[in-house]
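In the two complexes that follow, chain A is the common piece, with chain B as its partner first and chain C second.
Showing the complex of A and B:
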């Protein structure tokens, strides 16, 4: 009889020790959020333009993690698709043309003489890159503008142009080291460009 | 030192767990479709096999033997292996979410990889000491990884090869595995005592 009791106690003890180890490990190696979504989100261009059919880059990152195709992002273009393919181990697909085509990066420019100060473009801007107040002239913070085109449509006097920008020796900058927390684009470039 | 080298050569080539002793065939056929997943699976299995080999040895030597409970080794080893796998899963999930996604269901399936239990039981049978057990487990994992990666590289090529209709898919995989097994049995005369 005592043999059985020893056996049961030994196994119980073993199980209890292992349970304690696993319990500690599950606390120690706790995963917060879904890191894959964060990694996908970091690759997306953060234009928040909605051309993929989602309300922003983050929701699209979640959708990709859940299996949606990763070629619905026209602003990111081919480079983003390749980076996503590498991250996710999926095949490199051509950009899905239903969602738009890859264009050179643009920034919005408000012809200030024509602006009537209606604030409609401010409300449309997903990244708060337009400055202005009611009945005052508006203007665009070039560094913050992601070139998403969303402000062009609501303007009642059509005074917003999308100007393509190219990286010139003057506008080129080093990529600063990425901090742990999210910054606005101006901070990432180390200050406003003159 | 020679002894450890002999154990390594023996487990990796001569007595390869997959192709000569036919243990752990499930992940061998299941995860070998892509080289990348095969590589991840190899890493996870190497870690689990070595660790579980050591842990099983310790459990046997310092818990079961003193209490005269050697007959409980199978169930105790299964417990040890399950815990090690679970632990590995947590670590992988924390350190490499991508690998975690790629491995998916196969990570918990290492629990049922009979090579893992096989190594633990064979350690007892061969009366290995601590270091020998560790090297034996590591060698078995190396052999498993080698074969798995070789096989998946072959299957990636097979996917593009012009295989006769009835042999496509798993069938040609099985035939390839058989041929590889034949080749590995050729290592039987590698070391002469």
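Showing the complex of A and C:
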């Protein structure tokens, strides 16, 4: 009988000690912030366009971590959805068309002759990529523009165009080779046309 | 003394096809009626144009200046008038346009004032590097890296070997062979200039044993100089920078590193001769030797070509048969790229124009499935696993491709050459490299956008806070004033109106005005009214 009591006491003692260690560790090594949100945020394209219905990429990252669908980001497109699925262990879904469709990256361009200097686009730009002052001409810093098109709507004279980014010899790269016909050579010789 | 060559197992032996173009002597290409000079003929920042349409320029005059350290200027190859500075298609696999200076030669070939350096050993290395850059010298062998920038990395570190690359291993091309045969002296002298800059302990010139005449000439020229001529077996791609370094010194350039990291500077022989030309006579890089060959031309040969010369004029000079011409390639059959337009110009890196017939370069047979034979891994000069890279590139598993050292691939095409399934392997690697670089670029952009977005949010919050603080301060001030007023009223004092004096003054002014209007003859009326 005493053996059983000793065993129970020993186990209880061990449980108390490990419980104390674990309890201490969870306080001592507490992680500030939410690492999953950071990881999701790192995958999102940072366009800050709000097409997902959130005011920026970070809020959407938080929403995804809290269970929102991960296919609401049109600028990120398929690649972002696949990366998020891998990170979160969720199913790869097609892009939710309610939020828009995947388009090639663009930049805003202000037709400067028509700009009246109202600063409305400057206030709309989520990344401060528009330069100008009241009653002065505005212009877009192309290198900083994310192509979110939030500046187009507020412009009272419609002088902002979203233009696709031009491929230069520097940014161009080779395409995946087109897969040829997968016939074996002897079939070809036999007069089969591909 | 015969220097040993280090052992290696990689490489292939494609048909050389070099004899055709070496049977005729070197000659100058005819002067075309217009020259198109892209501002980017090198790796790095494009040159900045200095001329405008209508400017008359002399031969050797700068048309565009270097923009930063990794950049070189562009010079006028002959005297003439600038027609335009505009977008034109450039010789590039993309077939895209870029900014070019178009020059109409006047036929007088009038030189701008130029003189060389009498004693280069008396010039400080920094100054000599600037001099080389200002004379437009960029690598003539392959990628066109600015020579001054390359040598600059050599002057900063302890260099044991200066390796001169006279291998020219790719089939059909004989431009360096011709250069070494005709200008052996310039190559040796140029090596001495570079040696002055990087201070190597040994100078090795690697050359393949299929160029006996050039070897002969070089041996004669180098008889009384520290340059050692090292003859290596003919094998493709021994002419790759890292490959030649391995053959001559047994050392391997670390991943992501440059030869200077292991005490080596490697220079193409053409570039070396161009350095000598600049130092000796002050002539900038305005022409180069280009091989025009292939079965579609009657007289394959090497030509001294002014940069910017349209390929059409070279083809016509060598008797092109248009109906036989099937593929026009800039560079060699393994690493070159197909041109779609004969009007593209020769640039600093154009070592060969290959006008091939259909029999010579037939369309590639359809790709078959990979049978994992492993022949590609045997020939790979970078010791990679080409078939693994192929699978990963095809499946777009780029992180795994990178983990298998995709970026060590020099795109020599040896794997695709031996592939029994005719898989265009290099194309897959190029695609994967491009996608990885693009993703990296986008990641950097996204990081910057995030920072800007966050700091904007912070700024807005701060502004809101400041506004709130001001509002609060105003509210408090108003409350204080109100309280004072109440307190004064309680004491029975009539609150002093701070604006009483102002009102009194205004009333005075109006009265004075009225009086003045009543006496219009007053001479000072206008002044008062004003």
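What we mean here is this: the second predicted complex is superposed on the first by the 140 of 194 C-alpha atoms of A that agree within 3 Å, B and C clash if a C-alpha of one lies under 4 Å from a C-alpha of the other, contacts with A are read in each partner's own complex, and residues count from 1 in each chain.
The rule we apply is simple: a contact is a pair of C-beta atoms (placed from the backbone, for glycine too) under 8 Å apart; a residue touches a chain by one contact, two chains touch by 3 or more.
Keep in mind that this is a model prediction, so the values were computed, not measured.
Asks: More residues of chain A are touched by which chain, chain B or chain C?
Replies: Comparing touch counts on chain A for chain B and chain C gives C.
Asks: Examine A:156 and indicate which partner it touches, taking first as chain B and second as chain C; both and neither are also allowed.
Replies: neither
Asks: A:126 in the overlay: touching chain B, chain C, both, or neither? Say first, second, both or neither.
Replies: In the superposed model, A:126 contacts chain C only, not chain B.
Asks: Looking at the overlay, what does A:36 touch: chain B (first), chain C (second), both, or neither?
Replies: First partner only, chain B.
Asks: Please indicate which partner A:46 is in contact with in the superposed arrangement: first for chain B, second for chain C, both, or neither.
Replies: A:46 contacts chain C only, not chain B.
Asks: Between chain B and chain C, whom does A:67 touch in the aligned arrangement: first, second, both, or neither?
Replies: neither
Asks: So, A:87: does it touch chain B (first), chain C (second), both, or neither?
Replies: first
Asks: So in the complex, which bits of chain A are touching chain B?
Replies: It is residues 3, 6-7, 10-11, 14-15, 18, 21-22, 25-26, 29-31, 34-36, 39, 87-89 of chain A that touch chain B.
Asks: Okay, in this complex, where on chain B does chain A touch?
Replies: Going through chain B, the ones touching chain A are 36, 59, 63-64, 67-69, 72, 75-76, 79-80, 83, 86-87, 90-91, 93-94, 97-98, 101-102.
Asks: Enumerate the contact residues on chain A facing chain C in the complex.
Replies: 41, 44-48, 56-58, 126-129, 144, 146, 167-169, 171-177, 179-185, 188, 194
Asks: Per the contact definition, I'd like the list of chain C residues that touch chain A in the complex.
Replies: Touching chain A from chain C are residues 40, 90, 92-94, 96, 98, 365-369, 394, 424, 427-428, 430-431, 433-435, 437-438, 441-442, 445-450, 452-457.
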